[in-house]
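The first chain written gets the first letter, and so on, giving A, B, C and D; residue counts start at 1 in each chain.
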């Protein structure tokens, strides 16, 4: 029965839904007359800045410490804020570019599955061009 | 009537839904025994790499050119792929950290609204600490 | 006469000299027992953080504004500080990795000259793989 | 005796000398009519791209592995190339901005020494605002 299949297995075309955030950010920018600043080029730089801040939170942690970074409530808040900043600029950037992030993610997952077959990629951190 | 309100105004608690993608990425990593590599520290570095690739696509464009970057189908594909790469690592990172990206985005939008009141921020690209 | 040649044409083996800074940073780290934190991996993340801060200074500027960014003394100071931060981590990183930055720069200039012959690259911002 | 002093203690005003590289890069750009592309804003994005490539080399390494990354000749070459790319864009950026990297580095070292006194910073990776 295809119907039950559709219920139990999520459609690959619904991996993410960022429409609500895209609309909220668009309204936020429009109200402040910020559309003039939100060129894709500028937004890529703003995204870079936020990834830099995220990187600063983790730069001196060991990998082991990074795995429990959010066990401390204060740090969890800081990490969540930086992740949100990255997400906000990413969604805004995709929106002004007219890119459908869900379709892009679906396509990329398919590419990754083709590039990294389980048999070859298992337990290896090598790039697909090297496996 | 709260009901009609709920219909016309999207709840702020549903800005993004990335659960499907998070599950797909978790399964992808588990099948390949990649969980050992996916420490938050490593994933932040991988995210940095993808933002670098995105930056390379836009580095020599003028702002005006960047606004129409996706009018060329080949470049639209390249841009979509890089945006997807950023999204994939961001969602994976939030997942291994146990961060709820929707809650983090909601919180950040509230902070931004407080930091950038329309009356003060209108038409200005200054940081909130300077306005 | 090789002597006059040496006077008029700078030797390619002396493009940069960062030894003084490398020594100063090494002593700075040793005095503070920071060598434990200065793994190349961590230093790459610290470098990322500083490039992010640099990016934040320029993200909302037009290209034209960026060309005169240092005409304002206060901004010149901020820009100089961020450039220095990037330089410090880059030199420290090369030092702990045992990479000779001058030799690496000489080699890279030669590669670039081969990849971008004047006749083909003139006036074009395309990557060498596309020209 | 000032002479012996000059021999044993390097002058703080000569931490780095990047003039040769700056001149080489300026000539390289001028010959290719690339000055039009080399706005500081664009160069910051190019620098971001190179730091991203550097990050990709280290993203899946453990810290311990990163410390010996250059013991493998092929990887040493790849790492040296990426470090050189970062250096080239950094020096070019400082040059078009008119920033004296040596003076900026001297100033930053002084700031760091004031922010991180040995007694307080010893063995700690905390930011100066937290110690």
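To be clear about the criterion, a contact is a pair of C-beta atoms (placed from the backbone, for glycine too) under 8 Å apart; a residue touches a chain by one contact, two chains touch by 3 or more.
This structure is a prediction, so every number in the text was calculated from the model and none was measured.
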Quiz item: Residue numbers at the subunit A-subunit D interface: does the shared fraction exceed half, giving same, or fall under half, giving different?
Solution: same
Practice problem: Report which interface contains more C-beta contacts, comparing B-D against B-C. | Solution: B-D
Self-check item: CA centroid of subunit A to CA centroid of subunit B, Å
Solution: 5
Self-check item: Centre distance in Å when subunit B and subunit C are each reduced to the mean of their C-alpha atoms
Solution: 29
Exercise. Indicate the residues of subunit D shared as contacts by at least two other chains.
Key: 37, 41-42, 44-45, 48, 51, 55, 58, 60, 62-63, 125
Quiz item: So in the complex, which bits of subunit B are touching subunit D?
Solution: 37, 42, 45-46, 48-53, 55-56, 58-60
Quiz item: Where on subunit A is subunit D touching in the complex?
Solution: 41, 44-45, 48, 60, 62-63, 125
Quiz item: Quick one: in the complex, what on subunit C touches subunit D?
Solution: 10, 14-18, 20-21, 23-24, 28, 31-34, 36-37, 39-42, 44-45, 47-48, 51, 54-55, 58, 61-64, 66-67, 69-70, 76, 79-81, 83-88, 90-91, 93-94, 96-101, 103-105, 107-109, 111-113, 116, 118, 121-125
